[in-house]
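So, here's a batch of structures to check.
In the two assemblies presented below, subunit A is common to both, partnered first by subunit B and then by subunit C.
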Partner chain A sequence: MDFAVIQEYMPLYIEAFILTVKIGWIGIALSLVIGVAAAFVMHFKVPVLSRIAKIYVELFRNTPLLVQLFFIYFALPKIGIQMSAETCGALGLGLLGGSYMAEGFRSGMEAIPASQSESALALGMVKRQMFTSVIFPEALSLSVPAIVANVIFLLKETSVFSAISLMDLMFTAKDLIGLYYNTTEALFMLVMFYIVMLLPVSLIGSYLEKKARLATFGE
Partner chain B sequence: MGFDVLLKGNNMMRLLEGVGVALKISLISVVISIVLGVVIGVLLALKRPVITAVFRAYLEIVRIMPQMVLLFIVYFGTTKALGLNLSAEAASIIVFSFWGTAEMADLVRGALAGIPVIQYEGSVSLGMNTFQTYRYVIVPQIIRRMIPLSINLITRMIKTTSLVMMIGIVEVLKVGQQIIEANRKSSPDAAFGVFATVFLLYFLACWPISMLSKYLEKKWEN
Partner chain C sequence: MDEILQVKGITKRFDDIVVFENLNLTVKKGEVVVIVGPSGCGKSTFLRCLNALEDIQEGEITLDGESINRNKKDISRIREKIGMVFQSYDLFPHLTILQNITLAPVKVKKRPKAEAEKEALELLERVGLLSKKDNYPRQLSGGQKQRVAIVRALIMHPEILLFDEVTAALDPEMVKEVLDVVLSLAKEGRTMIIVTHEMQFARAAADRMIFIDGGRIVEEGKPKDFFENPKTERLQKFLQTFTYDDEK
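Right after this comes the complex of A and B.
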């Protein structure tokens, strides 16, 4: 291990790290929005939309991100939809994650006993209040373990961005190995940066899982 | 739209062969993962502190390291560090088994821990010996919990094999790229048809397996 090499590579890796984290979290935010919307539509069986949501969830849960990215980045331009690599990365991650989040939220909502919504109605809440102040918070707290697992999964999936030539951590490592053959240093830094990116999320996640057991209070 | 490219020559056949390569790697890895995972899972159920601590560390590595990174380490790293010249296929099978074994062992551990003590006590009070307790009471319950989850692991394994093109294995995505390159002049829109087909092929490989897993999970719920 040559520390001079590590020092030299550091700025490149930091730049790649920032890009990876940025696109990763934009994608995750997007996946939460898509996931909640799809779960809502499927849970309340909104006509037409719930069918579309179901097809979307099955389609994206059963295909790898790499294939989805290739489709978005290389195939869509042929029918006139062109996006930058960064947009494609965030969108692909958001669509993949959305399908996983939707399943998580939906099973959270299904786990809430009917007595909760009935009580809410009996207390005089309208449907919207029932959803925003009873069902959604409870479903959210029940889905925390699934959300945490999905966030970690999605951050790991960012490693395939290099395939659509985004200059992420993988791309930088592969580039440096190819150019200077300092394989050990390049791989070591790759691992370190992924640890920096994921270990805090993993630890905070397990803490949140313990904290968020509000819906099961009293059991 | 570029679908016509697939009908030229043996392009479709080559694409399917690419799927075959991906399926082969994932099936070998799944078999290794299940065997090793069950062994480690049973060892974990013994609750020896050292075994548990080592496994925790192993599981945490697998949990936070992307499979891509592991592939790079095994494929590029071992060549440099150990002087080994692994083939790309061997490297990917090692990585996927390393990952799958951890997942599988954790599932087995969870399933074993999830069997209430009353099941063991009940069997003993019915006059069963240890072998009979496991043979007729514990193992059948565990198998019912494990099968849907292991089937799920297969689909995840198939999806993850798409990564192997990044270390130079010619599987379905790579074949797709080659077809697009070769027909750049004659059908410039080939990318759409080819990648849409690859998307569909992956879906067709994974969807029935996911459905089966969901069905079994519902059927064996209690």
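Right after this comes the complex of A and C.
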């Protein structure tokens, strides 16, 4: 391994790392919003919307991100919807993640006994207060393990962004290998940058899971 | 004494199963009514109808002259006046004990947080749980959780308190610590309706006993008469299931 090469590549990787992290987290933020909204309409069986949410979840959970990205990046422009590669990446990740997050939140909401809502209502809360002060935070605590697993999964999925020519980590590595044949160094840096990206998430995730467990129903 | 709660001819059906039919009950201010009856007789459902957690199909329930069953839109405002304690405690697991207690006064009654906390601490002290204020519900025993649930209802200053088999889920050694709290509330003149299987407690707490069986009030009366001279055969039989004679 040639450390001079690593040093030389470093600025390129850092740039790609920032781009990957940025689009990854925008996508994750989007997936959380979509997930909560979809879980809400499915759990409370909102007419029409719950049917749409169900179809959305099944559609996006059962197709690969690569296929979704191709569709958004190459097929949508044909009907006049054109977006930058970055927007497509974040949107694709958000939509894929949203379908996973929706199921995570929904299982959290379903694990809450009906008596929790009843005791909130019995205290004089209106439905909105019941949802924001009781059901949502409880569902969130119960969903923490699923959310953490999804976040890690989604950050790893960013590696397919290169397919729509986003200059992410994977793209940078492939590009450098193609140009200079320093395969070992390029791949080593790729692995290292992914670990740097994900290890803190794993550690913070375990911490959050431990904290959230205190707030669940275990006897 | 003023009548605070009036139940007139209410009927509850689940589809075509009749839970109870044409039930009447009037509760006066400061009165403690204890309802007993075999499992499945509809007494818990009856209690849940009183704060509209269950619909009724016929009849009328009024609290302070205000209809409960015809005020769907305003029901949360009426529920503020009705404290309810459930068999399964139902504390909110994501909140500490103190937060559990102050949530409703702050969110629903819009009371200042500091003031609600002060009262919460006083009430916690009264039930002997001041040291648990920063714990989470899952760190407490069943009896402790139920005492917190009682405090959570009390801090809303309800006009009437409903207790739905509050000791049924508890280990035997924890029953007394909860019933002592309920009894002390009964003795300080609060209006309460209690559904229970604890007969000795019922006798000590009640101003009036009610026996429900098969969806009807079969017998009611002062605790002394109720337990010592039950008039109906069904109540006699029911009370016998709580005694252990070796003659049998």
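Here, the second predicted complex is superposed on the first by the 215 of 219 C-alpha atoms of A that agree within 3 Å, B and C clash if a C-alpha of one lies under 4 Å from a C-alpha of the other, contacts with A are read in each partner's own complex, and residues count from 1 in each chain.
Simple rule for what comes next: a residue touches a chain if its C-beta (ideal position, glycine included) is under 8 Å from a C-beta of that chain, and two chains touch if they have at least 3 such contacts.
Note that the coordinates shown come from a computational prediction; the quantities given were computed from them, not determined experimentally.
Shared-chain residue A:115: touches subunit C; no touch with subunit B. By the touch criterion defined above, A:75 lies against subunit B but remains apart from subunit C after alignment on the C-alpha atoms of chain A. After overlaying the two complexes on the shared chain, residue contacts for A:124 are found with subunit C alone; subunit B is out of touch. Touched residues of subunit A were counted for both subunit B and subunit C, and B has more of them.
With both structures placed on the common chain, the touch criterion links A:184 to subunit B but leaves subunit C unconnected. Of the two partner chains placed by superposition, A:165 touches none, neither subunit B nor subunit C.
Overlap of the subunit B and subunit C interfaces on subunit A comprises no residues. Taken in their complex, subunit B has these residues touching subunit A: 1-2, 60, 63-69, 72-73, 76-77, 79-81, 155, 159-160, 162-163, 165-166, 173, 176, 180, 188-189, 191-192, 194-196, 198-199, 202-203, 206-207, 210.
Chain contact summary for the complex, subunit A toward subunit C: residues 113, 115-116, 118-126, 129, 133-134, 137-138, 141, 214-219.
Listed in rising order, the residues of subunit A touching subunit B in the complex are 58-59, 61-64, 66-68, 70-71, 74-79, 152, 156-160, 162-163, 170, 173-174, 177, 183-184, 187, 190-191, 194-195, 198-199, 202. Note for the complex: subunit C touches subunit A at residues 51, 53, 76-77, 79-80, 82-84, 86, 88, 90, 92-95, 103-104, 107-109, 136, 138-139, 149, 152-153, 156.
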